[in-house]
Every structure is written in structure tokens, then in C-alpha cells.
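First chain A sits with chain B, and in the next complex the same chain sits with chain C.
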Partner chain A sequence: MLLKELNLRGLSCPIPVLQVKKGLKDNPEGLIVYVDNIAACENITRFSQTTGYNVDTKEKDKEWILKISK
Partner chain B sequence: MNNGRFFTKDRTSLILGGFIIGIISVVLVLLGNPKNMGFCIACFIRDISGSLYLHNASPVQYIRPEILGLVIGSFIISIFSGEFKSYGGSSPILRYFISAMVMIGALAFLGCPFRMILRLSAGDLNALIGFVGFILGISVGCFFLNKGFNLGRYHEQNVLNGCTLPLVNIVLLALAVFLPTLFISSASGPGSMHAPIIYSLLAGLLVGIISQKTRLCMAGGIRDIVLIKDSTLISGFIAIFVSSLIMNLATGNFKLGFSGQPVAHTAWFWNLMGMFIVGLGSALLGGCPLRQLILAGTGNSDSAISVLGMLTGAAFAHNFGLAGVAGTDYGLNMKGKIVVVFSALILLIIGFVVTFVKTEKK
Partner chain C sequence: MEEVKLTSMVKTSGCAAKLPPDKLHSIIDSLPIMKSKKLIQGFETADDALVYSIDDENVCVQTVDFFPPMVDDPYIFGQVAAANALSDIYAMGGKPAVALNLMCFPSCLDLSVMKDILLGGMDKVKEAGAVIAGGHTIEDPIPKYGLCVTSFMKKNCVITNSGAKPDNYIVLTKALGAGIINTAAKVDEASESSKKDVIKSMTTLNKKSMELSLKYKVYASTDVTGFGLIGHLSEVAKASGVSISIDTKKLPILEGALELARFGFLPEGRYSNEIYIKNEVNFQSNISREVIDICYDPQTSGGLLLFMDESDAEKYVSTFNDDCCKIIGKATKKDKKLLYFF
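Take a look at the complex of A and B:
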């Protein structure tokens, strides 16, 4: 299944994790998220995992792609 | 997945880091810092502001190596860990003024969130009132965040933007060591009370490194509970409280009560309002004063602007007699009371306008 993509580059905490929270409410099957700061990556990972999602993270040049799925 | 484990890697490092920071904070007092002021970002930035001739309150002027160490420690560790990145441009002028008001609120209460914890751990119940105000302020900030408050996207910048504040701190440190007479140093009062420079600097460096690695943030802990029901970040806050409480009990520095507390006043309403401003402003900025210093060390020029805002706020607070008056039951002079009320109102207006008046292109 194609997951909805969220571009959260350039956003400081806590905006990225809030956007993911809202995104997962609208798309409970999961999301693909792009962030460019490590704190946002960690917060989103923690939030997604504690709400029952798996997170697969890939990093390249200080940008992170997070696949959040059930 | 963490499979619902309580002691995750993030939480464990925050608890360990917080525990060490609490111990360092009490040791700094034993080495000469003012009581319950092993660390205080607001008080120390105020002291630096005075030492740089930006305000003329003679009891609170000293170039605090702890603050310089925090920024430099965060700068060094972020370079070594590959996390340093020069970025900014997210509403810098708003951040500047919000930070100045955060500083005015903190100086009305006589402490930042960090010192609030240290005061609590020494039995100062005025800090409990401040804590209520802090939670209220963060809760209002979370209301705006939930409704879409966003200061806008940052952008990658020329590396000099990210290096400027850390380099200024390195230069200030070198001058403080080799040409200390350049700066004003209080002859009496809190500014005259300080640990030897080497210990203050080492403490600042260590706390800077720990805070950068753990993402410790006093406001973020409460914000995360309200917004996403996550108690990870507040673990650091609690660990600082517990370890400094143990240290205070062990060293006879614990005294439960409202009156007679060191560098504090008993005007509950102004303690509450001061920390309400700090909580609301910190939620809008995305981090407490400590977090702003740490982020500035990692190349975030928006946070560097926030630090300058705090420096300016401290200068205004003391030049215009707005700061809390320690040892009194009235807390603030009339000018201070007026400015604190207006600062709260202005922060609410900023929150409302940024949240509900959209100007972004479709």
C-alpha cells in the first residue's frame, strides 16, 4: 500500500511530532516522513513506537526518511 | 520497537544525565555559587549582561563561565558527533522578543525553570507556586500548538551563522581567563558569589554535553506529556530534582517553607505570573532557556537569536527596575508588575495571531 508522505523538513520540535500525530489520525495505516533534524527524528520514532507502529529509518546527508507502519 | 518498555535508551540516558546535573548543581553551590543557584540560565545570563556593561545593577554582574561552557560544550560535542548544522530563519524577530519576555518573566520569579527545580529541591515552596505557573503557561502554549501555532520553517545557512554564537562564547571565555578586568564583577551580592572559574567552566562544559546528547529540556518535558502523553523528556527534570534533593538533604541545605529562602520573594501571584510567562514563551519557542543555549551551540541561529533576546531582556529588566526583589513580600515594583502583565498579554497575542491569522501562500 502507498503511504501518505509528509515533508517536515525545516520544522522545529514539537511541530514535526504533532504533524505526525495528526497525520496518523487521518492515515492510520502509516506515513512516510521526511525530517532534517535528529531531535525531530527521535521524537517521531518514540511517539510512533509508543502508539504501536513500527519505524524504519534511513539517513542520508543529515536527512532522515521514516517509514511508519503497522 | 520499544515494546512498551519504561526504561528505554532515551529515558535511561535522561535519568542518568539529570542525576549527574543535579549533583553538579549542588556542588557548584558548595564551591561558592549563590544558594539554590548552582545553575540558573536566567540569573547567569543576567550576570553576564551586567558584566558586559549592558545593565548597571552592581550586585548582579559577573561573566559566568557556566553559560559559556554550556554553549561551548554543546558546540564541541555536536561537531564530534556530526550533529552540527548551520540553520535558521524561522521568525527570528519574533523569537528575539519572545525570549526577551521569557527573561523578564524568569527574573520576576528570580530563576529559570532549571533554578525552579533547584529551589524546589532545597524546600523553597515559592518555587512550587512558580511551577504551577510554568505548567499553566506551557498548557496555554500547547493549546496554540495544537491549533497550528508554527513559527515557520528554518533553512540551511552559511556555516558562519551557526558558528557565530559559539565563537563569541569562546572569545568571551578567553578574555575572561586572560583579561578578566575587561568585565565588571560584583563586589557584593549574588554576582560576587561564584565557584572558581575552572570548576564553573568544567561544570558548564559537562552539562552542555549531557544536555545536547540527551535533548534535556525543562519545558519540553511537560509539553510532551500534554501534547503526546510521553513522559520520556520529563524524566531528566525529575532526575535533577531527586539528585539535588538528596544532595541538599545530605549537605544541610534543605529548608522547607516560603519565607527566608535564598534569592527569592514570597509574592505568590508574581511568582506564578513570572513562570507563566516562561512556560508560555518556552512552549512557543520550542524549548526552555537551557535548550536555547544548547541548540545555539549546535548551529541553530534561531536559538542564538533567542539567547541575544534573553541577554537584552535581562538588561531591560535591571535597567528599568523590573526584576523581582529578593527577600520581600511584594516581589516586584509597580513597573515590574505592569511589564509582567503586558508581557503575558503580548505573548498571548503572539500565540493567537501566529496560530489563527494565516499569511502563508497557498
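Take a look at the complex of A and C:
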């Protein structure tokens, strides 16, 4: 299934975690998330793992793509 | 005028707004050191305040601290910012005497907000037994407030961060986790009781902590602010030429902070603190990720870290009589790493 994409570049904590929380409520199957700072990447990973999701992260040029799925 | 949430105007707040330590040190370490025979303590050892000689016996101790709001209530913000600035004087074993306001204020906010911030600051300065003598205000889109504080004391009563000795016991006088709870509170994810606890902690002066310590020999002291427990412990270890061993089971932690850390409500400063110091720190492998978060969490108006003899530390904690004040570890001979957490 194609996961919904969320562009959270340029946002600082705790906004990215909050956006992912809302995003997963609307799309419980998962999300693809784009962030541009390590704190957002780490915090989203924690939130997703704590709420029962798997997170697959790819980093390129200080940008992170997180695939959050069941 | 429309009511604006103070915390919605800022990107980072409280002591978490400090410039990351790696960036800060890349600049200040490259500056020439200005020497003066009268300047006893400058910024070389990253101490809490400067110490300037007045005569053979007396010194002036001075500090400055200001930051953007971490709470929406302007009066409480004023109290927190003032308690935080005054704390640097307490960390040197001094009593605040005179303070100056530093205020950055947005033109879009009602001026009554500025008045409430200043009243909050004033009340804490009054509680400290000091006086506000003036200040400076500039227009700025992001509100910020703090104080420059001066104390006058006997030279031999100054406590720096460089006197810790192996076998000193370490007392921490406030619970950790304020940065995490403030981060969650910004987006209404912290519980009411956590918010209440963190405000109580941040608005509490380190006055009692310092005054009680006067009964004992304190070898070194500092306060825990933006660089977190780890950052400020490492400054003492480095300045004193010791290593430090911390029992993480003894750490006083604000209720709710560990759970919020598990859900990723961590301030950016938690990560920049880790990037700067991680090579100097050893965590025993069974320590949970959330407890490590607590150790790196930037504190706003945190407690004092006091280095004392074992029996004095025990008496201090028992007299202090508050669950937030605990012996958390001890200093050891200098080892491979500055800090060991078990």
C-alpha cells in the first residue's frame, strides 16, 4: 500500500512529533516522513516505536526519510 | 490587542535556547583571553559567574542570563527567568545584592505582558533579598527576559567549579526532566500535574540550597541549566581534574518526564548536548534510553550540584528534607572518561 507522505522539513521540536501523532491517527497504516534535523528524526522514531510501529530511516545530505509502518 | 501565547512566538525556550556547546566553544575558545590581576575567575573554566577582586578580602561576583519564554503566563516566565539568573550567584556560594533587567519585547504584544514579566522578576529578586536597579529594553520579535546579577562577598567564601576532590559526594537539589516537560507542555502533551511540578521547580530559588550548604564544607558547586546534568557535571570534572561516577537509580526525576521521553517529546538541546560531550561519557549498558535522555535534558532554573564530604552530604540531604534533593554519585580520581553512569 502507498503510504501518505508528510513533509516536516523546517519544523522544530516538538511540532514534528505532534504532526506525526496526528498523521498516524488519520493514517493508521503508516506514513513516509521527511525531516531536516536530527532531533525531529530521533523524536519521531521514538514516538512511532513506542506506539507500535517499525521505523526505517534513510539519511542523505542532512535530510532524513522515515518510513513508519506496522 | 489579540492575546498571543508566549511560547508560540519562540522556536526554543528557557535554557534549551542556549547556543549548542560545540558552536559556542568553537568561538569562545578561539578568542584571546583578557587578563587582569583583579579578575580572579573569568570564562576559562566555564564557571557560573565572574569573580573580580575589590580589595584583599572582598570580591564582586557577577553573572548574566536571559532566554525566551517556556511558559505562557508572563508573570511566571518573569519568575523563572529571574530564579535562573539568580541561581548562578547561589552556585558560587554568594547572596545576590543588585540586579539589572534585560528585556527583549515584541511590538505586537500588549505592554501589560511586559509589566507582568517584570513584576515576576521583581518578586523573585525581592525574595532573594536583592534589589533591581534598572535595566535595558529593546524591541525584538521574540520575547526574552533575564537579569544581570551582582553579589559582594568574602574572597575565601567563593565556591568555584574547580575544587572537587576524589571521594567528594555529589548532591543535586532539584529534580531533572524540566526540558522534556516544557517541550511537551508547548503542544499540550504534558499532564496538569507535571506542568504544575515543573513550574514549582523552575520558580524555586536556589537560596535555600545555598544557605543550607554554608553549614558545611563545599569543595565545588555549580547549577544545572542548559547543558543538562551531564554538561554541567563535565564542567566540574574538567575544571577540577577528577572523574565523576553517577548512580542513575538515585537521580531525582520530575513525574511524567520519563514517559514523555519515551514518546519523543525531547528538546533539540538534548541532542546537541549529547553531540558535544558523548565521547567523554560512559553509560553502563543496562541504562534505559529515557534515563539517558534525562541526563542530557537541558534544564531551566535547575538545582545546585554540591560536592561535599560523605557525612556532610548525608546531613545536608536529611536536613533539606525534600525528595528532589539527593546524593547522586561521587567524584573519583581522574579516569579515562570524565563521567561514568551506572
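Basically, the second predicted complex is superposed on the first by the 70 of 70 C-alpha atoms of A that agree within 3 Å, B and C clash if a C-alpha of one lies under 4 Å from a C-alpha of the other, contacts with A are read in each partner's own complex, and residues count from 1 in each chain.
In this text, a contact is a pair of C-beta atoms (placed from the backbone, for glycine too) under 8 Å apart; a residue touches a chain by one contact, two chains touch by 3 or more.
Predicted model, so just to flag it, every value in this text is computed and none were measured.
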Which of chain B and chain C A:I44 touches, first, second, both or neither: second
Dominant toucher of chain A (residue count), chain B or chain C: B
First (chain B), second (chain C), both or neither touched by A:N54: first
Contacts of A:P28 with chain B and chain C, given as first, second, both or neither: neither
Which superposed partner A:P14 touches (first chain B, second chain C, both, neither): both
Set of chain A residues, in rising order, touched by both chain B and chain C: 12-15, 17-18, 37-39, 42-43, 46-47, 50
Complex interface listing, chain C residues touching chain A: 11-12, 183-184, 186-187, 189, 261-268, 270-271, 289
Footprint of chain A on chain B - complex, ascending: 1-2, 4, 8, 10, 82-83, 85, 87, 90, 145-146, 150-151, 153-155, 215, 220, 223-224, 227-228, 230, 232, 286-287, 302
Contacting residues of chain A [partner chain B, same complex]: 9-15, 17-18, 21, 37-39, 42-43, 46-47, 49-50, 54-55, 62
Footprint of chain C on chain A - complex, ascending: 12-15, 17-18, 37-39, 42-47, 50-51
